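In this document, chain identifiers A, B, C, D, E and F correspond to the written order of the chains, with residue numbering beginning at 1 in each.
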Amino acid sequence: MRPSGRAPDAMRSIEMIPGFALHAEGSCLVKFGNTHVLVTASVEERLPPWLRGKGSGWVTAEYGMLPRATHTRGSREAAKGKQSGRTQEIQRLIGRSLRAVTDMKLLGERQITLDCDVIQADGGTRTASISGAWVALRMAIDGIMAKNNLSVDPLLAQVAAVSCGIHNGNAVLDLDYVEDSDAGTDANFVMTSTGGLVEVQATAEGAPYDEEALLRLLRLARIGCNDIFAAQRVATGR
Amino acid sequence: MRPSGRAPDAMRSIEMIPGFALHAEGSCLVKFGNTHVLVTASVEERLPPWLRGKGSGWVTAEYGMLPRATHTRGSREAAKGKQSGRTQEIQRLIGRSLRAVTDMKLLGERQITLDCDVIQADGGTRTASISGAWVALRMAIDGIMAKNNLSVDPLLAQVAAVSCGIHNGNAVLDLDYVEDSDAGTDANFVMTSTGGLVEVQATAEGAPYDEEALLRLLRLARIGCNDIFAAQRVATGR
Amino acid sequence: MRPSGRAPDAMRSIEMIPGFALHAEGSCLVKFGNTHVLVTASVEERLPPWLRGKGSGWVTAEYGMLPRATHTRGSREAAKGKQSGRTQEIQRLIGRSLRAVTDMKLLGERQITLDCDVIQADGGTRTASISGAWVALRMAIDGIMAKNNLSVDPLLAQVAAVSCGIHNGNAVLDLDYVEDSDAGTDANFVMTSTGGLVEVQATAEGAPYDEEALLRLLRLARIGCNDIFAAQRVATGR
Amino acid sequence: MRPSGRAPDAMRSIEMIPGFALHAEGSCLVKFGNTHVLVTASVEERLPPWLRGKGSGWVTAEYGMLPRATHTRGSREAAKGKQSGRTQEIQRLIGRSLRAVTDMKLLGERQITLDCDVIQADGGTRTASISGAWVALRMAIDGIMAKNNLSVDPLLAQVAAVSCGIHNGNAVLDLDYVEDSDAGTDANFVMTSTGGLVEVQATAEGAPYDEEALLRLLRLARIGCNDIFAAQRVATGR
Amino acid sequence: MRPSGRAPDAMRSIEMIPGFALHAEGSCLVKFGNTHVLVTASVEERLPPWLRGKGSGWVTAEYGMLPRATHTRGSREAAKGKQSGRTQEIQRLIGRSLRAVTDMKLLGERQITLDCDVIQADGGTRTASISGAWVALRMAIDGIMAKNNLSVDPLLAQVAAVSCGIHNGNAVLDLDYVEDSDAGTDANFVMTSTGGLVEVQATAEGAPYDEEALLRLLRLARIGCNDIFAAQRVATGR
Amino acid sequence: MRPSGRAPDAMRSIEMIPGFALHAEGSCLVKFGNTHVLVTASVEERLPPWLRGKGSGWVTAEYGMLPRATHTRGSREAAKGKQSGRTQEIQRLIGRSLRAVTDMKLLGERQITLDCDVIQADGGTRTASISGAWVALRMAIDGIMAKNNLSVDPLLAQVAAVSCGIHNGNAVLDLDYVEDSDAGTDANFVMTSTGGLVEVQATAEGAPYDEEALLRLLRLARIGCNDIFAAQRVATGR
């Protein structure tokens, strides 16, 4: 029995509110249960100097968490003067995941920045971020295309992410904070709507795990990502 | 005629959603029109070392803005590795304003941190922050009292803030971004529900202003703060 | 009775020594009693990149305090690796105040930096800085004009600043450190010689103040600024 | 055909020189072909403040690369004033991997820091680091036990790591720099000598990969880790 | 012929104004010609944590230069967020020099910090700093002794410093900025009034120098230091 | 009797392994007994912006020490976020020393960076760095000349460095860590193979020293540098 009462292969309720942010070219408030992340996509029609002149664009991500998104207040990274290793690891993962489904040549010499800010945290903030970022990116690219600044769609597929883990000896989908704190193995999967894997990260928190456990988690992740792909299609009207 | 069509002494619609944040001891999502700030109050039952042993508590504030809260994306302060002068000025003002209505002796040896994070910006983010912070602080202190950890209420009055300015030669209340960018004089007033002034900051952006202008802005501020006090009372059920 | 024995509307002795610094294009050692600030004006004939090409100049300020300018040694900001919020707030105020009396178009594409370094502190360092900075700026602009690099004077008026406060229930002018530490309300006023207000900042340190108090402080500030304007004219030979 | 001429399941030559560092409690110069990493283990008999008093020890890691370990000089992180996101990600991975085979209760209230410094880089620096770190850690713990400061061995198993990838459509083991720069999928596996998985990180650099590819890479990794386990046993005389 | 018209073995005029700073326990405004440095000595009756409990005191120094002390404005180290290598080298030298004539056991568990701030620079700022720091330190220690907090004088001798160099092929004493910019060899000597050497630093800026040149510079330094010792005695009334 | 049993004028065994680093244009692993420094020379065919367009090249150095190069672990400068004053002082000295024997005009508009990383420390790391850096620089320049990118050799002479000191009242050559920790006077000499002095730095750690001591140390340094010059010639085949 999971603390939340969910079945082992049940996602938390997924909510994706597109266009939540007034100013951004694309945005999505994504909720996986009590985990709420606001993602915005900002389009800049010029690249930073080190990326210019290659005929390609760039998609990048930044991640942050409001100090009191969590049970106890964490210190503000801007006040501490640096981003933690965890923050950097997460924003690198988000950027890689979205680039995996974007054709940089087709995007052209522009940069899209995906800002993922966790308003409220209850486990799975990085996977919610990736999943919501796709919606914001889709909206931003639709906007560029609507202005006739882009003729071929550079977004090759949907991408979604979900966490799975071994909790009390059982493989379970979409860990919330209570499960995550106590899981023996913790894994994040990033998948495309075309069935491909973009990233697998599976970490033993306690005892090592075996190949069968990895495969069980992978099967759960497919179930979860399919739910997310459906929610993304609803949110973007596709 | 104001760009928004408002009367010179009209506030934007004020919305205050108390308890918006799941984990915080107090919280308020405050909206002045399109300016949306999420304020949380975090209670810590012990003080940082430099404040200990004086029999008094402390109320402090931190302020941040999501990178795409604004028309064009601003850089993330955590990524730049420092808070701007503007950010520090604002968070110092918020802290001072809330301390002005809190009796530190009565609060006892605990610290309350008010995190004000701008989700969406359209002018007046610091005044909305102060106004919403009072609601979050009120909730947090009510919580401490409900647990019988505090017998006498240390919150002496309500505090609210509003911006006023001279736009196109007219004194107007509660500037939005369009007016603010173009105002000749820009002033922020922090007032208490007992009629006192906590802070006046009036800056000539272009030509200097005169004493009569200052007084006209002050009169407008009283009107605006009264509206905010009413909204605060509704939000906190007082 | 004030601790210093001064009348409520009496400034400390004002001394302004123009040309104190050997190398700077303009400079002034300004003394308000025991508060001594060395201000230099540095003219650069080119702007930083983000200001170029707009046909306008820029006036900016930096502020610092020697570690032992104060009663007890403060830590050196260069050694700590960052400027405090207070320092940034003050240098932003100084810059704004001097820009308020300078026509940026007339100044042309050059930048003048006003460095205000507190050699000795006894209250009112920011107001002394602004007042002395005007002398240094006047000298620097005179120098540019003398070289025929500027035909129309971009300096529109004098600007001066003074602090006032409520001490022991009385409104008093030009607070020294002893009064400042103990004042109920602390206000800084920046005024022009043409009678205009550039900045009003009035803060309740203890109980809130009322409108009458604000007006009383404003009247005292006019008296003080007039004394400073006279000293500035003597220092610059105008 | 691989650029190096190696068979798909062939490791580069593995060399592990224990005791390379004069001063450290444990050390190993580990070479995977032209990738050379110097690992030292430093034992401190007291914990940092935040870990004290829990009756457990801690194993942590830091990672660095000499500026000219690589084909072109990289900037020195100490001179830039911060560690890159990549560096932090790697040192977090190394620490986690070694902690996975160490019983913190048995280790007692002491900390062992594993410094992994890349002297020369040719792909696979993080996996060489983990593999060599085990040797340094084994030596350090042997030293503590030899001094009778520890009666039960806290090191539960060997741990090793290797990279695999899809290069030119083929799954290959232990990528060197040339292959790594050009691989479609890049994966790092951390395994224990008892057959368990500690960490799997598999990233699509270009097109997404499928489950079969992941399993093929996993099989290669087992082959590689077995070679490394053998080399570790030789190096530590076990 | 030297640019200044001075004889090869002539110091610039030396001026030492003790007690220049109102608040410091010791202070000296030292002038070597147009080089003006304000030195303050701050006594703290407790040591920083890492120096406590050894029954010894500590003397340390910090060095800074006002941005416009020089011909063209230098950037403010506090604004840049770090002290330059040059600044750190100088403040380490000042600290070492003063410690060389102070008995740390006799000083007892207190710390004296010597802040050397260059108000105006014309070459030789580090040697003027050391020379003036001795006066400030002497005053501070006299103050401690006058309060009967110290019975035996921990200051063992005077210490002074001067720069010498090879300019236009001639060995000259006390280089000003014009000579310094153009010197082939530049040397700083720190000496005690008891005839000892504390520090010699002689650097070839162009061609290497020979042993005879080093000895010639050393002889000049003795002449200069004797002048400084005399000025120190006058300033401290010894 | 020296702790190591060496004669007062005996160097430790000198070993210089040229070409130790696979990727660098020049490199040398230099050993002075148990002090081991890896020096690489990196040639960049363009200068940083502030050095461009003057028809001259530049030689610069960076210095670092692996955290466990020493008896007890030092903290990693990259993790602390800044280089210590000691590190900066040393890398400035190394750069100056190598520039003293390089004709910048002849070098042309290119930069050579000498990275000196201490793998193991036992006293004299800065002097070993300078001595080994000459070998790496010689190799790098030979490489440029071999590619016909430079017709006249810009390297004017050899440069070497050695430390000397007064230990137990005796002047001794090439101090190891044990002697260095306990020396009354500590001096570093940088000399050219043409007999010139590039830098003399002699510091009294305890009591001041006299002119005769300085000269004795200088004579020892000549003996040591001659040994190093011979080793450099062997290493570079000259």
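The working rule: a contact is a pair of C-beta atoms (placed from the backbone, for glycine too) under 8 Å apart; a residue touches a chain by one contact, two chains touch by 3 or more.
Composition by chain, UniProt nomenclature: A, B, C, D, E, F = Ribonuclease PH.
Quantities reported herein were computed from a predicted structural model and do not represent experimental measurements.
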Touching chain D and also chain E, the following chains: F
Cα-superposition angle relating the copies chain E and chain B, to nearest 5°: 120
Mean-CA-position distance for chain D and chain C (Å): 59
Chain A-chain D separation of Cα centroids, rounded to whole Å: 28
Contacts with 2+ other chains: residues of chain F: 81-82
Sequence of chains encountered when the ring is traversed from chain D in the direction of chain F: D, F, E, C, B, A
Interface residues, chain E side, partner chain C - complex: 21-24, 27, 34, 38, 40, 42, 44, 62, 64, 66-73, 76-79, 81-83, 87, 113, 115, 117, 119-120, 122
Parts of chain A lying in touch with chain D, wherever the complex brings them together: 82, 85-86, 88-89, 91-92, 96, 100, 191-192, 194-204, 207-211, 213-215, 218
